[in-house]
Amino acid sequence: GQSFFLIAGPCAIEGEDMAFEIAGRVNAICERLEIPYIFKGSYRKANRSRIDSFTGIGDEKALGILKAVGEKFQIPVTTDIHSEPEAALAAQYVDVLQIPAFLCRQTSLLVAAAETGKVVNIKKGQFLSPDAMQFAADKVRGAGNERVLLTERGTTFGYQDLIVDFRGIPTMQSLGAPVVLDCTHSLQQPNQTSGVTGGRPAMISTIAKAGIAAGVDGLFIETHPTPSTAKSDGANMLPLDQLEPLLERLVNIRKAII
Amino acid sequence: GQSFFLIAGPCAIEGEDMAFEIAGRVNAICERLEIPYIFKGSYRKANRSRIDSFTGIGDEKALGILKAVGEKFQIPVTTDIHSEPEAALAAQYVDVLQIPAFLCRQTSLLVAAAETGKVVNIKKGQFLSPDAMQFAADKVRGAGNERVLLTERGTTFGYQDLIVDFRGIPTMQSLGAPVVLDCTHSLQQPNQTSGVTGGRPAMISTIAKAGIAAGVDGLFIETHPTPSTAKSDGANMLPLDQLEPLLERLVNIRKAII
Amino acid sequence: GQSFFLIAGPCAIEGEDMAFEIAGRVNAICERLEIPYIFKGSYRKANRSRIDSFTGIGDEKALGILKAVGEKFQIPVTTDIHSEPEAALAAQYVDVLQIPAFLCRQTSLLVAAAETGKVVNIKKGQFLSPDAMQFAADKVRGAGNERVLLTERGTTFGYQDLIVDFRGIPTMQSLGAPVVLDCTHSLQQPNQTSGVTGGRPAMISTIAKAGIAAGVDGLFIETHPTPSTAKSDGANMLPLDQLEPLLERLVNIRKAII
Amino acid sequence: GQSFFLIAGPCAIEGEDMAFEIAGRVNAICERLEIPYIFKGSYRKANRSRIDSFTGIGDEKALGILKAVGEKFQIPVTTDIHSEPEAALAAQYVDVLQIPAFLCRQTSLLVAAAETGKVVNIKKGQFLSPDAMQFAADKVRGAGNERVLLTERGTTFGYQDLIVDFRGIPTMQSLGAPVVLDCTHSLQQPNQTSGVTGGRPAMISTIAKAGIAAGVDGLFIETHPTPSTAKSDGANMLPLDQLEPLLERLVNIRKAII
C-alpha cells in the first residue's frame, strides 16, 4: 500500500530562512512517515481581495529560493502562476506548476503551463463542478502534456462560505488524474467585510481525515511555524507543530482503506 | 476503542418477511463486526414529492412488524414520525423516534417526541446550519429528555443536489449529542422533473468512509436485497450484499482514528 | 389592467387593537390604490428557532380576531396552519389557509387544507425548486380543490442567507396558479448564532419592485406600526408608514408591464 | 428622468458584416427610445469550457471592426480583455474595457485596465459577494481611474445553475459605481455534461424587467439575428427581432420608478 503525497509549505515565500526551516521540518516528518513530499510556496500573490495585501518579495528572488529548497532536500517544489509569461519563467525553477482556481478556465494559461512539460496541478474553480474539470484537464493534455493533477479546494456555498464535496474526489479521479485535496483553501470563508479572507483552521484535521478516507491521492496543507505572524493567509495555515501528529493519523487511515 | 453504531433497514416497511430478512442479515453482520445495530423502517411515508407515491401498508401493521423485529433479534428499532399523535403511537412500538429533516423546526412535534421518553433522533433540515441544530436539541431537552441524536443528511446545494458538510460533524458533536451520518438521504438529488427523487448510490461508500474518518458516532444506511424492486427510494438504497464489505472497511477506518 | 393583490398584516396576532389598527390602515391604502387586500396574521407560531420564542395569545382568541377583522372591513383573511386538525379549525375563521414552507411536502396537511374548500396558499420550501411545486399543487387539486396559490419566499443559499429566484415566478405561474412573492420572509437571514432570524428590511422595496416587474400576481408583506416592538419577526417587518409610498410605486410598475 | 443605458451586441465578433448589421439595428432602436447605446463584441474568447470551442477571427481584425462600428454609428464600443498586454492593445480600439467575472480578482489585470484611462467594467465573479466588489473597484480607483462600472452576471447556485441576487444591485450602487445587469450570462447554466454552457433565454425578459425595476443603471444583452447559428453562446443570446418590444417595455418600467 502506497502513501498519499503531501504538498505543503507556507502560503507565500517570505524569505530564505523561513522557507528552509519549513521545508526542513516537513521533510523530516515525511521521510519518517514515508510520505512523498512536494514543497509549496507562492512567489507572488496576484489575486488578493485588497490591493494593499502583501504580494511578495520579488519574483526571481522567491523562485530562486524555491529551487534552492528543492536542491537542498532533493524534493520537488511547486508554485502557482497567473499569466502565460509566468509559466515559462517559473518552469525554470519548479517541478509542478499550479493553476489557481479562479484561472482554471483560462485556456492560454493552461496551454502555456502544459508546454513547459512540467506537471500541471489545476485547482478546481469554486464555480466549477468536478465533472467539468475534464475540460480543463483536456486543455493540458491537448497541448501534449499528460502530467495533470486536479485539486479540490471547495465550492461556492452562499457568499461567505465554501464547502468540500467529497463526491468530487472519485469523480475527478475517474477523469484519469490523481486528485489532491487542498485542506487549507477549502476552509476559507471568503467575502468577509474586512476584505481579508477568514478561515476555520480547527477543521483542517476533519477535512484531511475525511479526504484520506475518501481516497485522495494527495493533500495540500499550508503550514507555518507561527501562522499569526504570516504575511498572507494566516487565518488558515496549520501551525507546523500540529503537522506531525495529524500526518501520523492520516497514514493510519490510509492503511485502513487500501 | 468502541465502534460506531449502525441504523439500517429498508426505506419503508413493505411486509413482515422482507423486514425479518433484512434485519436478520444485517444483524448477523453487525454481531460479527461488533457494531451496535438499530433496525430502521418507515411505517408511513408522509412527505413524498408526488401524491401517487407509495405511502405504506397500514400504520399499526407496520409498527407491529418493527416491534416484532426488535423482539426477535433483541435490538432497538426506529421509525420516523410526522405529527404529534404519531409520537405516542409509535413510542409503543419502537425505541428511537426519528424526526424528519423537513420537520426539525416543528416545536410541538419535537416536544411530543421528547415526552415519550424515547431516544429522539433529529435529522438536520436541508435548510439548517449544523450550529442551528442546537435549538432543535434544546426543544427536546427542555421537555425533559436528554436522549438526543442529531443526523446529518445533506444541505440544499442548488435546486437539484444536496451536499454533505463534514465540518458539521464536529460542530454538532459539540452540541453534546452523538451525531449520525445518513449516507442514503445525503446522496439524494431532489426536485427531479419526474417527481421521483434521484440519487447516487455509487457514492455511499465514499460518504460513509469520509464520515467515519471525520468521527461520526453512527451511520444510517438504507439497504434492500434488491433496491430496484423497492416501493420507495430505490434510487439510493445500498444492495444488501454490499453492506458487509463496506462495514468491514469502515471498522478498519474507525480503528485508525481512535 | 388589473392590480396585483396584497397579503399584509403583522407576523403574529398580538391582540385585537393592534390587528384592527393595522388592518384599518392597510385597507384604507388599498382601497385608494384599488389593490385587493387580504389581511394576514399568524394565530400560533409553531416552528420558531428557539423554544423560548413568543408563540401566540391563544388559538381561538387569535382566530376570532382574524374573523372579526374580515367582517369589519369586508376583506378576506388568512393565517398559516401546521397540522391536520388545525386545517378544519382555522377554516371556520379564515378564507385562505397558508401552508408554511417547511411543511409544503406534508401530504396529509395539504389534503386536510384542500378538503376545507378554502383557498390554499402553499409557500415554496426553501429546499424546493419552483418546478417541484407542481407536486404540491397537485396534492391540493387531487383532493378536489382547484383554489391554489403558490408563494415564493426564498431559497437556501449557504447556511445564513436566502435568495429569491425571479425565474421561479413565471415557472410557478406556468403550473396554473397565481404566484405571490413574500417580500418579508425572502429577506430572512436564517441560522444566526443568536437563534433569532435576522433580516434586511431595507431591501423590501427592491424585492417588491422586481417582483411586480417580473409579473407576480400578489405580494406578501408583513407590516407593523413599530416593528422593533413586535413580539416576533421584528427584523423583517415593514414599518407601516412606509407601506403607502411603496405601494404607489408598485402600482405604477404594474401599469407599465400590462 | 434619464434612461438606463444598453450594452448589446453579439457574443463574439464573427465578421464585419454581422457586426455592422447588429450595431445598426440596435442603434436605430436605441435612438428612437433614447437609450444610450454601447456596442459590445468579444474579440477573443479565452475561457471557453472546451479547447475545441470557437475562439475568434484574429485579434486585430476583430478589434478593428469594433473601432469601425464605433466610428460609423458614433457610439462607444466595448470588449473584454484577459491579460495585462491585452489592456493596452484593446484600449486603442474601444471605449470600455470589460473584465471577465473569473478574472475580477486579478490585481495586475485590473491595474493594467485602469491605467489605460478607459472606462473599466468589472463583472462580479460568480464566487464573489456584491459587497466584495468594493475591493475590485478600489484596485481600479487606486490606479487613478474613477471610471468604474460593476456588472452583475449571476452567482454560483449548485454546480449547474446561476442565480441573480437583486439585493446586489443597490449594494453595488452603494459602492459608488453604476451597476449593469448582464441578462445574458446571468441565465447561463454552467457545467453541463456536454462542455457547452446551457441557458434559459426565455427568462431574459423576466430578468431584465426585474433589473430595471430594481434600479439598475444599465443592461447588458447579447443579441444576434439568428442565435442558433452563432459561433458561441447561442444558447443565451436574444433574437434581435425580440429586442425592440422588450426595450419598449423596459423604458416604461424605468419611467415608473423614477
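All chains are identified by letter, namely A, B, C and D, in their written order; residue positions are counted from 1 within each chain.
Rule of thumb we're sticking to: a residue touches a chain if its C-beta (ideal position, glycine included) is under 8 Å from a C-beta of that chain, and two chains touch if they have at least 3 such contacts.
Predicted model only: the values in this text are computed from it and were never measured.
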item: Each chain counted as touching chain C and chain D at once; value: A, B
item: Selected interface, B-D versus A-D, where C-beta contact pairs are more numerous; value: A-D
item: From chain B, the most remote chain by mean C-alpha position; value: D
item: Whole-Å gap separating chain A and chain B, where each centre is the average of the chain's CA atoms; value: 36
item: Interchain centroid distance [CA atoms averaged], chain B/chain D, Å; value: 48
item: Distance from chain D to chain A - Cα centre to Cα centre, in angstrom; value: 33
item: Residues of chain D whose C-beta touches two or more other chains; value: 155, 157, 159-160
item: List of chain A residues in touch with chain D within their complex; value: 46-51, 55, 82-84, 102-103, 105-108, 125-129, 131-132, 134-135, 138-139, 142, 155-156, 159-160, 190-191, 193, 195
item: Chain B - residues contacting chain A, complex; value: 155, 157, 163-167, 169-170, 187, 200, 203, 206-207, 209-215, 249, 252-253, 255-257
item: For the chain C and chain A complex, residues of the former touching the latter; value: 157-161
